[in-house]
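The following pair of complexes shares a single chain, chain A, combined with chain B in the former and chain C in the latter.
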Partner chain A sequence: MNVLKLIYKNLFRHSLRSVLTILGVAVAVLAFGLLRTVVTAWSYGVEASSADRLVTRHAVSFIFPLPVAYRDQIAGIPGVTRVTYANWFQGIYKDQSFENFFPRLAVDAETIFEVYKEYEVPADQLAAFKKQRNSCVIGRKLAEQHGFKIGDVIPITGDIFPGRWEFTVAGVYAGKDKTADETQLFFHWDYLNERSRETAPWVTDQVGWYIVQIGQPNEAANISAAIDALYANSAAKTKSETEKAFQQSFVSLSGAIITSLEVISYVIIGIILMVLANTIIMSARERIREYAVLRTLGFTAFHVIGLIIGESLFISMSGGALGLALTFPVSSWFGAQFPTIFPVFAVQPSTVVLAALFALAVGLIAASFPAARSARMRIVDGLRQIG
Partner chain B sequence: MKIPISYNLRNLWTRRLTTSLTVGGISLVVFVFAAVLMLAQGVEDTLVATGSDDNVIILRKGSTTELLSAVSRDQIGIINTFPEVAVGADGTPYGTSDVVTIINLNKKQTKDMGNISVRGVSAGTTALRPQVRLASGRWFRQGSTEIVVGNKIHDQFENVEPGQEIQIGSKRWTIVGVYEAGRTGFASEIWADADMLMAEFNRSTTFSTYTFRLKDPADYDVIKTKLETEQRLQDLEVKREQQFYREQSEGMSVFIKALGLFITVIFSVGAMIGAMITMYAAVANRTVEIGTLRALGFRRRSVLAAFLAEALALSFIGGVVGLVLASFLQAVSFSTTNFGSFSELAFGFSLSMDIVISTMIFALTMGVVGGFLPAVRASRLSIINALRAV
Partner chain C sequence: MSTLVEVQNVTKVYRRDTMEIPVLQNISLAVPEGEFLALMGPSGSGKTTLLNLISGIDQPTSGSIIVAGTDIAKLNETALAKWRSNHVGFVFQFYNLMPVMTAFENVELPLLLTNLSKKERKERVEAVLRVVGLEDRMDHYPKQLSGGQQQRVAIARAIVTDPTLIIGDEPTGDLDRKSAEEILILLGRLNKEFKKTIIMVTHDPHAAESAHKVQHLDKGELRQD
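Our next item is the complex of A and B:
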């Protein structure tokens, strides 16, 4: 089509300027894509939540434990199919650096992998895990990151639960799909409980939180209320909510940081706008006489506006495409640096769509001022312009 | 012979729109850069302010946060027998035994949940922490379930007005006042009576930490050795109060700086490209002028210097605008969950001379890098071709 050819040729009259502008837009879109990926990765836990699971924790704060005795009572509530529990063990593996951080949880070996069906463990490994008290099952990403194999002993220095602990790797679990967290270590709650009788008696027979599997996801609100009603008058009151809401509350702890990152990603859009607008204004100003000639030949103001907007969109969309293409490899690299901080670090479709939409919007807005100005200019004034 | 700088400055003014767009882009980048530095500095300032040089804190060994720590009444009694502990006129040691726990409250606008530290303190706390002062209402009465709320919590979270009650453990506690604590971390806490709080959580003899004042700050090493070799205190560790709070927020500070710098590097590439585009266009539009200047006798060097100066002027103005915008951030408070202590911490943006200097250097560097190649092109133009250009 002639119009496209005209746009292309016009742009590459000043190839350096056009290339630089496309690069500028690409860099900004890359930054935007990365920031949004960090923001979405923060909520990975929310995405991985299952609609058929509830979390029951201490009503005052998640850090207070619940009696293990609650388990059977919760299991008795109609609509509940299975109940399991976990304790946040923490502890230190080697040192306190980011590389050596990974979640360590004391769980009920019999039920944990039935409630979390998305963590798949080979049957023989699961059997070995259940049999050996001081064994553990680790996630696949964790095993890769530190080179752990079946039979290895992982030493952890306890802090919440003091002492030196050693866990033998009995199995490795893999996530069923990409949203699963494969960086965790699960070991026997019974083992924790026995040892804590001597070393930390104030935490014996207590669990961190319960995970309740229900038959009907739309019964979630009713069953949550029923669980909490059971303990409304006890010393350890509970708060039950869907797993999604529970994960979301963790994300909101860092709410201020996430909001700042989002604000910054919009500041970037502003920067792209300025860089692009700058170029288009310069380019339009140089060619006022040419546009006047075109108008003399019979092309209407509409055509001129179309040319200007066309150039602007060409730059913004190519820059956007380039930036998006770069976002994927850079995100992979970034995510690989911090596997346990961001267990799932992938560019979400929403990010791609948003980036494309912004590139489009920026292309249109940047061209609006010069397009309007050249449309209003009289042909005579345009012909009179020099240079 | 140097080209007068007024030539460049007037050129910037003539192409106002382009200049202001480029300046706008640079100033946004500078703003983000300065904001990150100011935030990191704000975190530092909070750490330094929280904790005095002559205070020593005693915790259980290996406790990275006060939540995990436990110090018994007996142990505190033993510590108080040492001569290095400062003692008041009436013979009571300057010390406070604290019990720390966490409750959840919701933020005012976003309704996000936050972990708030509730600190049970002893009567001696005000002497040890002179930064803490009552702002409104009154202090809680010893032996009651009254509490006072730090001003940062009062500002950010809902339902914490004096007169209201909040749930801690099994009872409702009444808020009777709001206190200020300058920039310290204490401003993001709720304070209550230690003994009452301990009773609530069934710990009658175990505090979280014990903080005391040294008679002479230089005694620190002496008392540290003595306490660490004392048999009955084997499971405790000794730290300077300032050092402990610094370690608590180190992770946060490092994270903010790393994330911020990473973002800023990408931004600055974008800004340099913007500056480059503007300068190339400036050179292209003034080809005839440059030819004229050279024909008049100005050397290539001078042309290079002139265009570089123009780029520097652009980035200088952008830098100043960005800094001015960033300085407004000082009125804003940033509150989030500190990774180290797992509880809410509010800090401000602090602008220091160092930050102003670093930011201006950053802005000028962007200008130099962005403007260098175009300036080289300007100086390389052959006089005849330049004069012939339309």
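Our next item is the complex of A and C:
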């Protein structure tokens, strides 16, 4: 017999109560972990940003295009090592449901994978992509989600760029690490530009944005200023910034939603704190006399506090561990349902640490009032209580 | 025989909000070592309060209580707890066993505060359970024992640390006649064979007959018999 055994035995005096409370904590921690993972997934683009890449876009709005002629001028700025570009194609694959949404980008086939080295394409597939004007390279997750294979034709109904478009899968890229977005489709900007001459001449020779690779990340501010200075007096002024800042601006658009999710995640913790506190208060009240008897035997108020806190921590940490264990498979399942909305959906170490700390804090706080009350109670008053 | 317990001019006043309730008034009492003392009196006479003061679970408003040479009225809470664990064994009216622990584990509880090894604790527990005649019930939970058996487990718990003093607060109050008799015989045996000093509060004149001496309290004062 030891104190830990006494804590365990007391906990399962009312098995159903303890089990339900542990499960309640587990569900709360699971919900907290899932919400936090959604919040962090929203910012994955920021985290995946490369320090040696800048994004140059139209100064007025991202939706306005820039002349493709800017490319060579930007490439000539000291400190710039490589320039590529992209257009947001959009279009509709099958229908406009979430399941069939994925990013579709017209890119410079020659340079895109040199700038985005984290997207790894087998050499033969890259060669095939470069060779075939109407081909595409797709991400691994996208291929898995829709069962696309090399040689398949992906039909897209254009909206920004009208018409029926068909792209033959020439390659599948895999992310170098888990922060890489594997849900995109890249096709030839030249193909887009060529067809646009016939169908939408007003959009020809224009790109959505430039991605500028630089040699020294600490020169980012200077090079950005130099690029923007080039076009300060043109009709299509530019705004250049680090890729991280560019991604952050998108995240900021959803700031209210992200903040709401964070608040909800903390509210959930608050709720389970109340539930656990109620359970511990009930348990402590039922055992006032027992605690008094223990003190008559020579156990001190600190022992009683330790018993109460021990029970509370057992519940909170067991529930927390269970909730955290469930967070991984549930998050994995959740992310798999929305691969293109959340291309990178992984439980971050910070989420695990936060959840564990909250479980610990909840256990301590929930026990604080009943522990203090039991410790302050006089032995003679405790012995008079009817258990 | 030397004096084990010396109560000197003890007064106890309880305070409830702004009211003061005097419970004991200038009590003096000496209990020799090896004595079996019964405290009797009507309800509200202060006998349980006196018992609580002697056993160190409450402290007097004034006066001193010297047990085995220590004035326990001067000890702080932590020191009193340690003193109780070494010197006092309690037997309550309603047994007050831990319901989630077996008889063995209940008796072992006070020994968790000592430096005894697990093996030593086991030996002691088994020995005292033999003394009270429950060696074959040590794995039973309180709800699996009769009232008399539970009280015997409580007595075993009270004596397992070999205390200086055994305190009984109506130890037979919740028992039938037969079980009460068994308990009184056991207490008598502890007193005669093991030379334990016992102070017992009781309403039952028959229980008081087991004691060497009976003291009566009335309205917080000791009656000189």
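Simple rule for what comes next: the second predicted complex is superposed on the first by the 386 of 387 C-alpha atoms of A that agree within 3 Å, B and C clash if a C-alpha of one lies under 4 Å from a C-alpha of the other, contacts with A are read in each partner's own complex, and residues count from 1 in each chain.
By our rule, a residue touches a chain if its C-beta (ideal position, glycine included) is under 8 Å from a C-beta of that chain, and two chains touch if they have at least 3 such contacts.
All of these numbers come straight from a predicted model, not from anything done at the bench.
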{"item": "Combined model on chain A: chain C and chain B, fit or clash", "value": "fit"}
{"item": "Chain B versus chain C as contact partner of A:K117, first or second or both or neither", "value": "neither"}
{"item": "First, second, both or neither for A:A301, with chain B first and chain C second", "value": "second"}
{"item": "Partner chain in contact with A:R17 - chain B first, chain C second, else both or neither", "value": "first"}
{"item": "Touching partner for A:R133 - first (chain B), second (chain C), both, neither", "value": "neither"}
{"item": "Arrangement angle, chain B at one end, chain C at the other, chain A at the vertex (C-alpha, nearest 10°)", "value": "90"}
{"item": "First (chain B), second (chain C), both or neither touched by A:K176", "value": "neither"}
{"item": "Greater residue coverage of chain A in the superposed arrangement, chain B or chain C", "value": "B"}
{"item": "Partner chain(s) touched by A:V3 [first = chain B, second = chain C, both, neither]", "value": "second"}
{"item": "First, second, both or neither for A:M274, with chain B first and chain C second", "value": "first"}
{"item": "First, second, both or neither for A:R289, with chain B first and chain C second", "value": "second"}
{"item": "Superposition-derived minimum Cα distance between chain C and chain B (Å)", "value": "11"}
{"item": "In the complex with chain A, residue positions of chain B that touch it", "value": "17-18, 21-22, 24-25, 28-29, 31-32, 62-64, 67-68, 101-104, 107, 110, 112-115, 167-170, 203, 259, 263, 266-267, 269-271, 273-274, 276-278, 280-281, 284-285, 334-337, 342, 390"}
{"item": "List of chain C residues in touch with chain A within their complex", "value": "52, 55, 57-58, 77-78, 81-82, 84-86, 88, 90, 92, 96, 98-101, 104-105, 108-110, 112-113, 157"}
{"item": "Contacting residues of chain A [partner chain C, same complex]", "value": "1-3, 6, 9-10, 13, 289-290, 293-301, 378-380, 383"}
{"item": "Residues of chain A that touch chain B when the two form their complex", "value": "14, 16-17, 20-21, 23-24, 27-28, 30-31, 34-35, 38, 60-63, 96, 157, 159-160, 162, 202, 235, 249, 252-257, 259-261, 264, 267-268, 270-272, 274-275, 277-279, 281-282, 286, 387"}
